[in-house]
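As written, the chain order gives the labels A, B, C and D, with residue 1 at the start of each chain.
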Amino acid sequence: MKLFEYQAKEVFKNIGISIPEGVVITSISELKRAAGKTGFPLVLKSQILMGGRGKAGLIRFVKDQVEADKNCLELFESDYNVNTILVEEAVGIKNEIYLSITVDPVTASHMIIACSDGGVEIETLAVEAPEKIIREFVDPNLGLMPFQIKDIAFRLGLEGEVLKKISSVIGKLYQAFLKNDAELIEINPLFITGNDDVIAGDGKLSIDDNAEFRQKTYEITREYFDSDAEYESALEGIPYLQFDGDISLMCAGAGLTTTVYDLINYEGGTVANYLEFGGPNYKKALRAMELCLKNDSKVILIVTFGTIARADVMAEGIVDAINRLKPDRPIITCIRGTNEEAASKILTKAGLVPLYDTEEAVRKAVSVAAGDEL
Amino acid sequence: MKLFEYQAKEVFKNIGISIPEGVVITSISELKRAAGKTGFPLVLKSQILMGGRGKAGLIRFVKDQVEADKNCLELFESDYNVNTILVEEAVGIKNEIYLSITVDPVTASHMIIACSDGGVEIETLAVEAPEKIIREFVDPNLGLMPFQIKDIAFRLGLEGEVLKKISSVIGKLYQAFLKNDAELIEINPLFITGNDDVIAGDGKLSIDDNAEFRQKTYEITREYFDSDAEYESALEGIPYLQFDGDISLMCAGAGLTTTVYDLINYEGGTVANYLEFGGPNYKKALRAMELCLKNDSKVILIVTFGTIARADVMAEGIVDAINRLKPDRPIITCIRGTNEEAASKILTKAGLVPLYDTEEAVRKAVSVAAGDEL
Amino acid sequence: MSIFIDEKTRVLVQGITGKEGKYWTEHMIGCGTTVVAGVTPGKEGQQIEGRTVYHSVRRALSKVEVEASMLFVPPMFTKDAVFEALDSGIKKIVTVADGIPLHDAIQIRRAALSVGALVIGGNTSGVISPGKAMMGFFPYWIERVYKPGRIGVMTRIGSLTNEVTAMIVKAGFGVSSLIGIGGDPVPGTRFAEMLPFYEADDKTDAVVIIGELGGSMEEECAEMKRDGLYTKPLVAFLGGRTAPVGKRMGHAGAIVSGGKGTVKDKIEAIESVGGKVAERPRFIGDLLKEVLGL
Amino acid sequence: MSIFIDEKTRVLVQGITGKEGKYWTEHMIGCGTTVVAGVTPGKEGQQIEGRTVYHSVRRALSKVEVEASMLFVPPMFTKDAVFEALDSGIKKIVTVADGIPLHDAIQIRRAALSVGALVIGGNTSGVISPGKAMMGFFPYWIERVYKPGRIGVMTRIGSLTNEVTAMIVKAGFGVSSLIGIGGDPVPGTRFAEMLPFYEADDKTDAVVIIGELGGSMEEECAEMKRDGLYTKPLVAFLGGRTAPVGKRMGHAGAIVSGGKGTVKDKIEAIESVGGKVAERPRFIGDLLKEVLGL
């Protein structure tokens, strides 16, 4: 689960990493009080999960109340689904550092990444100045050792008070990484102020969903998602991505769904939604079809090739869903795997024409979406 | 630093290991109130660090207030320097387990020791029933894994609720072992009650002195020591053991002091005190001699063979101490090592007759203690 | 010779008394696997499919010889179960658990590396040497998918495995050994680490890898080939060629990050060392014929 | 050949700018040791005894070749410094720190074992090959103690080392290589682990170990001899024969626990494999003559 900036900063603050004075607001009526706390100039930071907020104009520096009101309104009314704004003091910056921690699957290490060119996205840095990127690998059984922290700090070219403070931030960020079962924790930029104070200018924290059982759980709200459908399916636990094409995918298994997505694109078709009802969800055909029907898609394409996700159970679920939901668009099935013969009978009996070859099913869906008959 | 039973139990309680209802008292006037909390029957447990308290009659089970008063008084007035008594409820016991954690220097592991015959000292068990002793080695970098806990519990022959509860105790005891930088943490016996409750019947916790900087510090009080002299020298940071022979040792280096101790015994002499003023204490000749002079010893034997502990500095300190303290007994020196020539001159100038062979010095000390002339 | 497992490999099943454990133990035996015992704490003495259940791996190993362990253990207990198997010196471990915490997975792989063990998974269907033995849950009874043969298969993607393997069989080939590396971001063992076994296997003529966007496992295979550590033909099918950047489409491991791990990168890496990449599952057969000179 | 260090061994000094570091670096150089650089975080660019100081071990090793590292680092930072040296692949480390926390010491030894490094100490004077080189703080200038020769010495007890070595020299022998294992309960390296080096050393005719009550290091040496892994003569001096049981006389390592580790046990173990134990330091010379047939 990806946290919003303000949530990540709360984690930073709790572990002793300085953050700018800031107030979270969800309506313009709260702005004045917030500004009273931060003073002017201040920064209005839209709390959405999309990257590149600066470029998209979703972060605004304002000098006074008039500017603040105007910009705040613009942000709340933008197309980006901005429901929350972090109102922050504008920090006087001397320097910016990039700092993050993630895992390295190859060496089975925690990996700290640092760069003296903060404020730039790491993807950009990786392309433009790979030699400036510092990587430090940490044995998860030993944890981050002080000598490694010092080495990172020296490689960043730091010294004196700033070296000490950033060393402390690195240590604390690592603690936060562990404590939160983080996939990624990032401070970019980490500000160094004129007074050599070290303050987290931004914050990213992505918590491993698999570790939810031992982590603080954040309530899943609409704000985390780009669309209502994605929000709704997340509540259901069904992986779902919204697109705006013609074909609703209702497939079992992430890899197979991705491949069907590819094949549709190869055939010149367009995808309305990616929906994966495999694994623990294979009995949720009804709910899956409901989600697909919310789209303006022209056809629903069902592809599975399951083992535990039994073909006959899925076929029954699909037939049941059709009976209940009476879908207004054609349905193409390509159901294989354990008990595929039984599945075939169930589908045929229900009046469907089951297919058994993925590509054939894809071609059919693309042609139907283009207006051909089923 | 070895903790008293009641302190160890406080640690257990804080980490969630059950302990009997108990009250610590330091005078008989507190007994009635304590008994009000525990009820009768109760146990009076003398809080001293010596092992074998049961055999020495320092733990008393009493049925009523009359018995309690009588026994409590006896304990406070015993020869064992009992200043504190733990008044505890008497727990109804079905079974007793031995459980401890220490380190294994050979494999560089934490070592959990368990035995289904609790209540017996592990040294006795090791001799009498070594096959019953369960040892589990823990990689300090990985920590104690659940499967290891389960395995210990199964090897103890446990099942059901008791298995779960003791597993939990093992896990918590390991946490306490780590958190307290323990050299040894022990619950012996660990009670299993008629209701299958699991309660620490006794507690030992020895905290690594070298880790004091990162540990809660317990105030050093007289109660931790067998004698005033040992207490006083501990406050000074000078290793000291009280004996009751004729020769005060004032040597530098633990191993050398121990060897001088052996040599005195070989020669038929007796040691008044073991005192080691080497290492960081090598400039503390004055204080060391003061401590030696508190004994009824007949001679002070000074043996050193130092490197960093410079012979000349020690010689100067000794001469200074003699001038100030004007000792009433002969002093024999065998000072060697870095700058030994200078040391020799300093001692000779002060009227001493420096020796250079340890055995010769020991023989001299023994003969002087026996009444011969210096 | 087979990779990882054959009909003689003595397999322990951890978590044998659970619903999944029971069900798939039966199928593993049905497939030819030599299951010798099971483990479930607290269930010692029970019998599952005629195999004795023990409290712990150590207790099982004090009674029977074991070469490999199959874990049907929930994700949150998987780390402990893997370490328990490693503790007893078992060097081949398969875990099908879907949902192992990332930080556990890192420690599992670290431990496997440090003792030279192969931990396959999690989030995998396991391993199968068709016609001989299986650890995990493969629908080996679907003959048009799991036909024995001379093509080695490695996959990151459970749901695509049946699809692609069916195409290999349809083209007239069969499978020698199939290793499901698993779809997690940090699998216990990586493609490249299995390649030397296929290289040495006289029953394998070529290897097909089933990969997808994200990570660097396919690139590592290309490196092995470039360095001459793997010399047999290499064919790949890769999902997610047209996947939108930055979206997490399915597996947590399948996300392009830091500009790395696009399918385009992977194709270039594989083709640059003479490997072939099939645009569609259907093309796998033709590519195999091409590289094998058939 | 010498054990651990000779005049060609390239030595790094961690903590070189501290008072002790400076002082003993000078003496190490004076003794013949090839000190090539120093490390103190934040002091890069300084010169100590003509050697350049670096911020970190990695930075030093990017400039100079290093074979061994000498640590003059306070006990509470020793674990970090040892791990820093190990991280750079240094396989010989000496730490003189007195007061390393027990739980740190366990991790230090564990790390050393896992990469096959020799960490000598803490709580030791270090190692010396008289006449060639020294790491630590030995008063090599006292010739009646540190005379070169053909007797290997290993010691757990700093303060007794001068005493016993003087007796070896007095008897007409000299020292080939002396390793101060250190007096802590968990030293980084144990006696028995050094014996194979003495066994292989053509400059060593016999080994003297200086031990004391507590622990099992002397018994482990006896085992090595029994198992034929060490075949040269073995002579021991052991302190604490008459020490009262249960009292901690000096070193934390020197306490009899669980009925094990008495000097009596140790003597029996050593003598049972043909080793000799000197009751007094003075007897060492005669025993050496006896075992060497002189």
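Note that in this section a residue touches a chain if its C-beta (ideal position, glycine included) is under 8 Å from a C-beta of that chain, and two chains touch if they have at least 3 such contacts.
What you see is a predicted model, and the numbers here were worked out from it, not measured in a lab.
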* Structure fact -> Any chain touching subunit A and subunit B at once appears in the list C, D
* Moving only to chains each one touches, count the minimum steps from subunit C until you reach subunit D. => 2
* Structure fact -> In terms of CA centroids, furthest away from subunit D sits chain A
* To do: Go ahead and note the Å separation of the Cα centroids belonging to subunit B and subunit D.
  => 28
* Take the average of all CA coordinates in subunit B, do the same for subunit C, and state the distance between these two points in whole angstrom. => 56
* **For subunit D, residues contacting two or more additional chains** => 107
* **Numbers and ranges of subunit A residues touching at least 2 other chains** => 141-142
* Asked: Among line, ring, star, complete and other, which best matches the way these chains touch?
  -> other
* Chain-to-chain touches, reported pairwise for every pair that qualifies -> A-B, A-C, A-D, B-C, B-D
* **Touching residues (chain side subunit A, partner subunit D) in the complex** => 142, 145-148, 150-151, 154, 159, 163
* Structure fact -> Listed in rising order, the residues of subunit D that touch subunit A in the complex are 41-42, 44, 55-59, 77, 80-81, 83-84, 87, 107, 111
* Taking the complex as given, what residues does subunit A use to touch subunit B? -> 141-142
* Of all residues in subunit B, those that touch subunit D in their complex -> 51, 103, 105-106, 108-110, 122-123, 126-127, 139-141, 178, 181, 183, 208-211, 213-214, 239, 241, 251-259, 261-263, 265-266, 274, 276, 278-279, 305-308, 336-338, 340, 358-359
* In the complex formed with subunit B, which residues of subunit D make contact? -> 75-76, 98-104, 106-107, 109-110, 113, 125, 137-139, 141-142, 156-160, 162-163, 166, 183, 185-187, 190, 210, 212-213, 215-216, 220, 239-243, 246-247, 249-252, 254, 257-260, 279-282
